[in-house]
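Structure in structure tokens, see below.
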Amino acid sequence: MIPLSWYVILSAALFTIGVVGVFSRRNIFILLMSIELMLNAANINFIAFSHYLQSLTGQIFVIFVITVAAAEAAVALAIIILLARNRGSVYVDEFNIMKG
Amino acid sequence: MLTYALIPILPFAGFLIAGLFGKYLKERAAYAAIAGVVGAFLLSFSTFLDVLDGTIINENLYSWISIGTLSVNVGFQIDQLTAVMLLVVTTLSSLIHIYSVGYMHGDKGYARFFSYLALFTFFMLVLVMANNFLLMFVGWEGVGLCSYLLIGFWYEKKSASDAGVKAFVVNRVGDFGFVLGMLLIFSTFGTLDFAGVFAALSGPAAKQSIALLGGNISVVTLIALLLFLGATGKSAQLPLYVWLPDAMEGPTPVSALIHAATMVTAGVFMVSRCAPIFSLSETAMTTVAVVGGLTAVFAATIGLVQNDIKRVIAYSTISQLGYMFLGLGVGAFSAGIFHLTTHAFFKGLLFLASGSVIHALSGEQDMRKMGALKSKISITHVVFIIGSLALAGIFPFAGFFSKDEILWSAYSSPGMGRVLWLLGVAGAFMTAFYSFRLIYLTFYGESRIDHEVEHHVHESPKVMTVPLMILAFFSLTIGWIGMPGAILPNVNLFGNFLAPIFPHAEHAAAESHGIERWLMLFSVLVALSGIRMAYSLYVKNTSLPDRIADRYKGAYNLLLSKYKIDEIYNYLFVDGLVHKVATFLYKVGDVKIVDGAVNGIARLIGTTSERGRRIQTGYVQQYAFTMGLGLVVLVGLYYVLK
Amino acid sequence: MLELRLHQLDYPLLSLMIFIPVLGSFLLLFIRNAATVRWVALGFSFVELALCVPLLLNFDSSIPHMQFGESHTWIAAWDINYRLGVDGISILFVALTALLTSISIMVSWTAIQDRVREFMIAMLFLEAGMIGVFTALDLFLFYIFWEAMLIPMYLLIGIWGGPNRLYAAIKFFLYTLVGSVLMLVGIIAVYVAAGNTFDVLTLMNHKFSYTFQMWVFAAFFLAFAVKVPMFPVHTWLPDAHVEAPTAGSIILAGILIKMGAYGFLRFSLPFFPDAAMKWTPAIMVLSVIAIIYGAYMAFAQTDFKKLIAYSSVSHMGFVTLGIFALNLQGLEGGILQMLNHGVSTGALFLAVGVIYERTHTRQIADYGGIAAKVPVYAAFLLIITLSSIGLPGTNGFIGEFTILLGAFLHSKPYAVIASIGIILGAGYMLWLYQRVAFGTITNPHNEHLADMNLREVAAALPLVVLVFIIGFYPNAAFGVMHASVSNLMQHINEKVQTAPAVTQMVSDVLRMSN
Amino acid sequence: MINKVIFLYFAAVILASAIMMVTRRNPIHSVLFMLLLFFHIAGLFVLLNAEFLAAVQLIVYAGAILILYLFVVMLLNVDKESIAARANRYWPWIAAFGILIAGEVVLLVSRGIFPADEGQEPMRLASDGVLSLGTELYTKYLVPFEIASVVLLVGLVGAVMLAKIKTKE
Amino acid sequence: MSIMYQDFLRSIMPINAEVIVVTVALIVLILDFFVEEESKYYLGWLSLGGIIWAAAATYNVMGANGAFFSGTFLLDPFSTFFKFVFYLACGLGILVSINYLKIEDIRRGEYYALMLFATSGMMLMASAGDLITLYLGLELMALSIYILAGFMRSDNRSNESAIKYLLLGAFSSGIMLYGMSLLYGLSGTTNLAGILTFLREADLTNPVLFLAMIMLVVSFGFKVAAAPFHMWVPDVYEGAPTSVTAFMSAGPKVAGFAVLLRVFTYALEPLHAHSTAIIAGLAVLTMAVGNIMALSQTNIKRMLAYSSIAHAGYALVGLAAGGPDGAASVMLYVCIYALMNMGAFGVVIMLRKTGERGEEITDFAGLGKSNKTAAFLMLIFMFSLTGIPPLAGFVGKFYIFKAAVEAGLVWLAVVGVLFSAISAYFYLRIIMIMYMNEPKGSFELTTSPSLALALAISVTAVIVIGVYPTNLLNFARASIIGIM
């Protein structure tokens, strides 16, 4: 049988990749997708745990996570469109009018 | 009781009236002051009669300060000493008030002048009547204040106001000693009343001694020395005499009343008031005697060469005060007080007379611009000579009796008595010399007066000359009340009168009258020779002084510049110890260090903030990164916390 | 032990004294006309003054207890009560506050032309706050007033002040705030240590552990030392004084900086006698430094107000010296000196204000020879100068002498050094007076200087009278405070305990910081 | 055993495509790698007997969200980043940091103890798994379910409101 | 039928406050289609009515204490207290918005709907009994606020603040989710009560547990703007429409503290030993960053942003103190803070008017002359934020530090008071500029009944609470039932 820790470690690795992605890439889409990576890492955890704990809560949580992710993506993309419209750029490091 | 209280109150009333309503009373203000002072004089006389039979009045008016064990009353102790002082003060004060009516006529500060003068009288009376140290200190500082105000009376003159401040501050240095003395007295004896303290002197408290600068000093001595420091300030003794010559900036009546007759003698009075304390401490007594003797000579030497008529008299005053302390120092308290009394009269006379001269010469004070005045202002001339003879100590003038009593007690006192005596004699010689130098320069020889001044030289009005004559009379006669046993046995009224309150330190034994007579003769001769020398120098061949001056240039200039003491004090204390240090402390200490630290902290925080703004770059990823960093650090804490 | 005398009168006198000014300032909100505002404000300050009459008449000076007591529950959850009362110490300052406030309002009559209404509102609020500080018998309430006072004072300096007012105001506020917030922690610590009570009287009887006292005393000390102000935390005072409007300076010098010393008397000494004893040498040294140092600073000043400000540092040095002599003479002298300083320095600032209003310069060099032009003013200034240099017959002398006596009995060296301050004091004050009043007119602007008018004389007269009353009959003041002060002394002597072993102290520290 | 192999395959592809996604210069490529990743995650879910979730993963994530991304990317036809600017200028730090955080998290997680140990029988509820899931969702988690609906509504409103071309203003 | 209707009502009774808010939001959305652009502000008043209605509903169930919907939803005094704070924040937010939107020319009803949605999200966060509810409530709130922040679509600053907030928000919720997943993996449940019971006899040295806790600290810390997770705050606050900023600074922050309290003093209570140390550290850092950075700001909104960070720091002190008093102090503090901040932003909004931003601190110059009332209000709020008695801000700080000292965290209290002394500088700077500088050209302030009402409410509250805090205090102390 597959040890639970394998799943957890996999998710940890995935989470980390997501985090690093958020830090490093300029392109806002890739930023968002990196965040999705983090969410997916969490999802893997939930599913794995719910499997090993014999409890459905994890799966339920994942459903909600995905729902929220969808809503968030919609809003995010809307804002990106605004930005692209007003600034003609999708590179986050160009959005720094406000600092200090 | 009330009658005694009235003695100071009357002049105070005079002060209030003249001070508050001076604006409306104009010159009539003088009458209020005079009335007050004369009233005080009459009351003092009746008081004098009350205590003539040796009774001592000691009454409290009301409780002034009372905290725990500290309980000070406003109260009067009137004994023979006080009575003498009362008479001296009120007499002189009255006469000088009257004299001033003429002298100050037409001055725009007329009312102010009289109010100050009356206020001075008030404080002086408080000083002499007080029955405890603290109240005495009130009078003590009060007269200081008045002298400050009166020296600076013509405040537009910078020199005048400077002199005023100088007088007050130098006196404060003395008072520093006085205050500490009082603190030590209270902490030792638990009271500040004269009676209480003197009573306790015989007790154990007086025996103790305290550590000071490694050494060990008896409390009584320390008290005495501290009080004496106060006395040197007030009575212009070494090293605090410097203010008195400058005090001549004030109007001449002020010099007469305050800086010759009364205030400056307060030190002498205080020391004799504390005779019981002083006489317990050999050290203190010697100190007093030595300081007195030295001052007597020191001031006289300066007096030899001064050209300002008032300054000459001022230095003679310092020197005469020296004699008084010399007397007190050798235990001849009554002699000291006696000299105080006589001196008050003849020195008052001299000052008023010089005032009359100055008045005649419309303000001229430099003797090099005088001469040949004897016919022009004859009354002044006569009284001036009487005063000078008294000062020089020529028989039978007042000065003779008092000075010789002091010299004799010095001579006959054990220890360094003879040395002190020699100092005294030397001083006597110089005194005779410079006082007649003054007379010759002023009244004899050929006139050196500026011409426009020459025209309106005139004798002073009656209101001024009458007091002069009265004083002259006293200068001649007052000495006789202290007739030494060596001349007429057992008629020393003065001595006997004061006998009950002073410890009997008189060494004059009957069988030694022989020596005493010889000494008297000797000192008179010395004085006469001094006068003769002055005559030969300033009347016979007037070129001689300059030649001597050239010959001993160094010495002459040193004397002329008063040993440069003022300059040294200025450099050391006024500029150095005060202004330079203050400026440095402020510019560096306060602004840079103390305040600098505060502002520095503020600035530090400010710059931190400015720097911090750079961290907030506006890059969203950097924000996320910071979060991540925080996450990592916190997670890392796991290894710390467990 | 001390008790709170309730229902002494059938009306809450102290509350009235606190809230009548507040009421007044609310009333002012609805008045537009400046002249009316002035009169109303003056009226209210006079009402306050009038209330001092029943206060002083009904005060029983034979007992040390807190009188005119009021006590109402306020915040039950924290056992905070609205508790007021005065004893022989605080009553004097309540009266002084009422007097000086009226005087300040009179002084500001023409000096303040801009935003008169706001100014008067600030003044009245300030008065309420100050009286609150002196009457509060609940630590929390005390702190409320203590801090609340900062607001109007800050505005007074900041809005109606001189050219550099911004710096001065913020410096004043921050400086005092830093001190007080630490005291706040101290107050909370006391509250916790004493079993959740803010009642001053209860706390007085509570014995705090030795180590605890050491720490908390320090916290309180900082707050009070800044207010006094003691060397080396005095630098806010010159700036604040120089920039503040006349009224502000009078209140600041007259009342505000007294609160530090009052705090020592009311809280530090009774709560932490051991700490007080332990810290006494250090505080004595600081006081002596303040005396000499302040005097020296005064010598170096060219600015009229700054000079007086530094002289205040010197004088307050005397106050702390007396208080921490911890004997009757010292304490009573210190308290009297607080009053004196309030009167004299208040009057000095009044004098500066009077002349500043005419010449608009504070540089001493711009004066000189004005005695000829303004005799009344010169006389007034002279009297105050003398009182400030402690000439016998004036109030200053009594205070300084009794303090020196107390200090001398406590330990001689301090008194000896402090006495030098008397010489210096005479020096700089007379020099100041000489430079201002004497000599010939140097500045043409002073040629047509107008003498003090009736209003100004009326404002100055009470102070002059007080100078002499206290000078000639100080028992009037001492009599009021005797009972309370001796009670305080006795209280300290009873409470003081011997220092515990080091191990004990260490364990205390550990327990305190869990 | 076979499961292990399958898991390892999935894990390998997931990590690989994650890394590719993060490092691709062309966003469209990244999106495609993301798609790949989602598919394998779905596979993982199946391996864990969460078939329904696998389906949701595919439909919602791959089918909806990702397509939306793709759509927008193309809509804005973002040109690929220049080599210099692919990563922002701190990337070496970030790399180091990445290793650090990975180390920490993985270390902690691997040293962690989970009550659910591997020994037991995994759930075999494939057939009525969905049913019980539904029951759970509509009874126990009713409130969250309702909230989710509001969340979606907000998302909808927000998207529309923000993105729609301004009529006027 | 009616019976069913009855039990339906009864069944949703615990949650009807939320239901009301959401319903009103929906009504607003629908009416939005029919209302003329000029009269959109009626929707504002409508939403306000909704809030009041919800408040009434909550008032009816006051004192109720129980878990509903199988433990996913808690209705207890704790949540009730916070709900009132949210109503306050939202109500004041709406009041300050109505006029502001006119100026900004935002004529859209969604605005109010979103505010209501956000509020409902907060309410759910406060009464979440289950990580899932918590997560969804949080996301609901966050999502609405993202949109509100970006509401000025044509304004670059607004867009930027929206995207920054969204990216970082999503990032932090990613971290939170991971933490939650681990927590779930350990305890086998997402129910807070369940987690508590699990932790009661769990091995607390388990690294994963620690990891999970940290991740929750980070993500909640992000919501309450605790350093070093605060960096979004200044930018987002500056960019967002001022009315939204006001709402943001009051609502979500308070909600964040509700969650922090619920999780750390209730669910993760057994971990208190660890969490206290960490939170104390964060508190110090937060106070330092907030107060020091605020000193050098020139934009009033940024300045208030940093000040809100600083205040989060003070509240964290109370959280670190823990225990009933600690919790109560935090609750009292955030409530007072919301009031003061709302007031301050209200005054800032008065300065905003078409043409000029009125956001620079220098724009306040001479306000004390040109508009006495506004200046006086600002003065009150500034002194209150500084914590000078007798104003509410002091009471809040006092309780916080009192709790800290009682918990033995004397050092923390000392640090706190020192920083609050520093904070005096930048608050007083505003007052200085208002009263002590001359106006740079007189300007008219834009005011309106709604704004006036909002300011009146907050200033009255600030003064009354300052002088007589007893009632609010007792309410807070009574409301910790549910997390103790």
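First chain written, first letter: the chains are A, B, C, D and E, and each begins at residue 1.
The rule we apply is simple: a contact is a pair of C-beta atoms (placed from the backbone, for glycine too) under 8 Å apart; a residue touches a chain by one contact, two chains touch by 3 or more.
None of these values were measured; they are calculated from a predicted model.
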| item | value |
| --- | --- |
| Chain labels contacting chain C and also chain D | B, E |
| Touching both chain A and chain E (chains) | B, D |
| More contacts between chains, D-E or B-C | B-C |
| Chain located farthest away, centre of chain A as origin (C-alpha) | B |
| Most widely separated chain from chain D, with each centre as the mean of CA atoms | B |
| Approximate Å spacing (C-alpha centroids) for the pair chain A, chain C | 64 |
| Between chain A and chain B, centroid-to-centroid distance (C-alpha), Å | 97 |
| For chain B paired with chain E, centre-to-centre distance based on mean C-alpha positions, whole Å | 79 |
| Geometric centre distance via CA averages, chain D-chain A, whole Å | 6 |
| Chain A: positions in contact with at least two other chains | 8, 15, 18-19, 22-24, 26, 31-32, 43, 48-49, 53, 57, 60, 64, 68, 71-72, 75, 79-80, 82, 92-93, 95-100 |
| Junction residues of chain B - those touching two or more other chains | 613, 616, 618-622, 624-625, 628-629, 631, 635, 638 |
| Per-residue overlap in chain C, given as positions that touch at least 2 other chains | 174 |
| Full enumeration of touching chain pairs | A-B, A-D, A-E, B-C, B-D, B-E, C-E, D-E |
| Chain E-touching residues of chain B, taken from the complex the two chains share | 605-606, 608-610, 612-613, 616, 618, 620, 622-624, 626-627, 629-631, 634-635, 637-638, 641-642 |
| Sites on chain A touched by chain D in the complex | 1-10, 12-21, 23-27, 29-30, 32-34, 36-37, 40, 43-44, 47-54, 56-57, 59-60, 62-64, 66-75, 77-82, 84, 90-91, 93 |
| Chain E partner contacts - residues on chain C that touch it in the complex | 74-78, 115, 140, 143-144, 147-148, 150-151, 154-155, 158-159, 165-166, 169-170, 173-174, 177-178, 181-182, 184-185, 188-189, 191-192, 512-514 |
| For the chain E and chain D complex, residues of the former touching the latter | 15, 22, 29, 69-70, 72-73, 105, 107-108, 110, 113-114, 117, 120-121, 124, 130, 132-133, 136-137, 139-140, 143-144, 146-147, 150, 153-154, 182, 185-186, 188, 203, 206-211 |
| Complex interface listing, chain D residues touching chain B | 88, 90, 93-94, 97, 100-101, 104-105, 108 |
